[in-house]
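Same chain, two partners: subunit A is paired with subunit B first, then with subunit C.
What follows is the complex of A and B.
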């Protein structure tokens, strides 16, 4: 269980990035954090693994104030993939990069090798294992950063903008991996602007603006609240826009449809007149 | 004469054991808005770097064939000479930002090109207001959020007033509202006179603005046509292109024997087609 209690944070004392954030995330949850550029999402998730420490307020992991733990200790429990992979990758081969994290956490060489191979293949990186991360494409580099954390299967996974630079297929692979880890009991927290990725994979959404939490609840209700959409600089996804507009003429079509198969079914009903 | 012409162009990065671009032939005319898309690693960024001369002037390697941009062969002209013609927004905005604050960052490009200081000021102020950067004016580019950096990177490229804007996933870090804002600005500039080449995975946001989509896979161009032609192709899903949901609904309706009048690219278009058909 993670608890943030009234967390405040200001970079160099001037820019107030977090202004009293409180939240609770239970073991095994899947939570998405969305919201305006500069809202404080990255600043918030860095509080979780101790990369940044609150200036006021507290962060608890399983009831213990995390100020008692070093970053290295927190890293055993909480794995963070940073928004910019360049801040995370530093070794001269993809394989070394993945093995390094595993060894840090005490996995045996044999176990580390197996995990490394499996993760690289799940993320479509197997052909790149010998390459230097610095010669990879943007999307490939992001996947290496993801692999280095996913391979260790930490109890709490925190992914900052994991879908940046990913094509539709890679996004599906990633969603599948997150689902598998979640089924094994891992908590999954993502920060993302990709509203469809959230609707399809995360039952709970926290929406932020100006260093505060504007809404926190079931994804469907948070993301269909017009006030939240406007305040947190979100936009409705295509299917919702279509459903609303069709609903205005055919009130029998629900206006909150977010899944393709549902909307398709309703359109067939409207057009066939059944 | 076309504005950009790839003639059987191939490129292999120094030290790599495969071609990042394989015999690419591509012609782009003045005023077009072209989306380049395709799976991660297929060569989109390499293609962008080729248009502004970073390949082969900065990224060295094996080349075959030619790229002619506005009459200049990129083999023979420096990146600086290419800069007013083709302005590149980098995929990773942080790598593009080089100065100490946002104002200086936006002024940096035109100043280096010798643009008159009064005109430079005018462009800086215009872009700060257009891209909603007032509150960031004095901030250090490396002390900003990812989306803020991306907006600044876009502003500094636009400050060059390039004839061709080459933007490599310019919305990847933007919240949905500012993605919309930036894409609207780009679309307006395109309607005025700027040729736009935009790399994007999120086709739901941009397809409506573009005149053309070029689909790449493994270093090759595998399809090239209008958005409505390209996005209904099964090839898109096969190679992992993010087809807009409205277009996917159209495709599955067609499988069930329902043919809508045309191919929708947005939610509104889909709704209107359904209303007309009913």
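What follows is the complex of A and C.
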């Protein structure tokens, strides 16, 4: 359980990035954080593992204030993958890179090898395991960086913009892996601008603007709220727009629909005249 | 690293800022040469007494004082160790002079770097017949120092998030911990250099053999005056050093 209590943060003490953020994320949740550029999303996730410490307010992990822990200690519980993979890759093969992360957290070498292989095949990287990360494409490097943390299966997994540069297939693979981890009880938190990815995979969305939380709740209600869409400069999901126009003709179809299966069901129901 | 502040351009308006960078470069070189000619306390104090009002004129005295405070540990170190280890007949005198010389040298160049914008510097180099590509490379290098520092912090964050403990363990382990920082830093820099080169070329860098410039530097009367006075001082000091036997300017201990 993660609790943020009225967290304030300003870079260099001047550039305000968070002003009074409070939230609660329970074990085993899947949460997306969305918002404008510069809304404070990355600053927020860095508070979780102690890379940044709140200037005011507190961050709790399982009821203990995280200021008691070092970043390395928190890293055992909270795995954070940052936006730029080039900031963390430094070894000369993909496999070593992933084993390094596992060894840092104290996995036995046998266990590490098994986890490494599994993660590589899940992310479609097995054919690259001997390659140097520096010779890979941008999207592949991104997946190596993700793999190095996913392999450790941390209790809380935080991904900053994981879908950048990934094609539909890779996004699906990633979503599947997150799903699997989540089923094992891991908490998954994602910062992203990818609205479709959120709708399909994250039941809860936190919308941010100007260092504050604008909305926090079930994804389909947050993302079908016009006010949130405007303040967080998002584009309304196409399905919501479609649902709305159908709603204007058939009022019995609810206008707040974000999942294709729900909308499909409604349309079929209306057309059958049930 | 706060002492580096004194070598960082600050956007201000002052008589010194308005001088031509070439005149300031000449002035800085002359005052550096003069500081190197003498290794006695009194002349070095005189140099500082001349340089400090110039800092005041450049509205940068506070900055300079702050940097000197940041540097004070190093200066104290030089002072103490030279006094203890120097073979000179009067070690304390010698080490005070050395410390003053370092301050004078730093001040000379800080006066230049504090008041010359990187663009002005590259323009000055170009007008001194340095090829544009080299001048540009130099101003780019200066421009990217803070970016590199930012990048280094981002990389440290990324590694810490993976559980790397940068500030723990014995010295050997700490040295080994530099590897996960330095390798990505080098790779990122090379990648960036390549992509900057590509984007510069796609915007037509080097397309026309003859470049024109928006701002050209021109030497004004005050710039000539600075050069003239500097030259005069230089010749005078050389003359004094060579031909006038100086009495022993040292502290009586």
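Here are a few things to note about the model shown:
Heads up, the rule we're going with is that the second predicted complex is superposed on the first by the 253 of 274 C-alpha atoms of A that agree within 3 Å, B and C clash if a C-alpha of one lies under 4 Å from a C-alpha of the other, contacts with A are read in each partner's own complex, and residues count from 1 in each chain.
To be clear about the criterion, a residue touches a chain if its C-beta (ideal position, glycine included) is under 8 Å from a C-beta of that chain, and two chains touch if they have at least 3 such contacts.
Quick caveat: nothing in here was measured; it's all calculated off a predicted structure.
Legend: residue contacts after superposition of the two complexes on their common chain; A:97 is shown touching neither subunit B nor subunit C. Legend: residue contacts after superposition of the two complexes on their common chain; A:267 is shown touching subunit B, with no touch to subunit C. Once the two complexes are overlaid on the shared chain, A:149 sits against subunit C while remaining clear of subunit B. Subunit A is touched at more residues by one of its partners, and among subunit B and subunit C that partner is B.
In the overlay built on the shared chain, the residue A:42 is in contact with subunit B alone; subunit C does not reach it.
After overlaying the two complexes on the shared chain, residue contacts for A:80 are found with subunit C alone; subunit B is out of touch. In the superposed model, A:71 makes contact with subunit C only, not with subunit B. In the superposed model, A:89 makes contact with subunit C only, not with subunit B. Residues 84, 86 of subunit A lie at the contact with subunit B in one complex and at the contact with subunit C in the other. Those residues of subunit A that touch subunit B in the complex are listed here as 11-12, 15, 34-38, 42, 83-84, 86, 124, 135-140, 143, 161, 164-171, 193-196, 232-246, 249-250, 260, 263-264, 267-268, 270-272.
For subunit B in complex with subunit A, the residues that touch the partner chain are 13, 15-16, 38-41, 44-45, 91-92, 94-95, 139, 143-148, 151, 168-169, 172-180, 201-202, 204, 237, 239-246, 248-249, 252-253, 256, 258, 266-268, 270-272, 274-275, 277-278. Subunit A meets subunit C in the complex at residues 46, 49, 51, 70-72, 75-76, 79-82, 84, 86-90, 100-101, 104-105, 134, 148-149.
Residues of subunit C touching subunit A in their complex: 151, 154-155, 157-165, 168, 179-180, 183-184, 187-188, 191.
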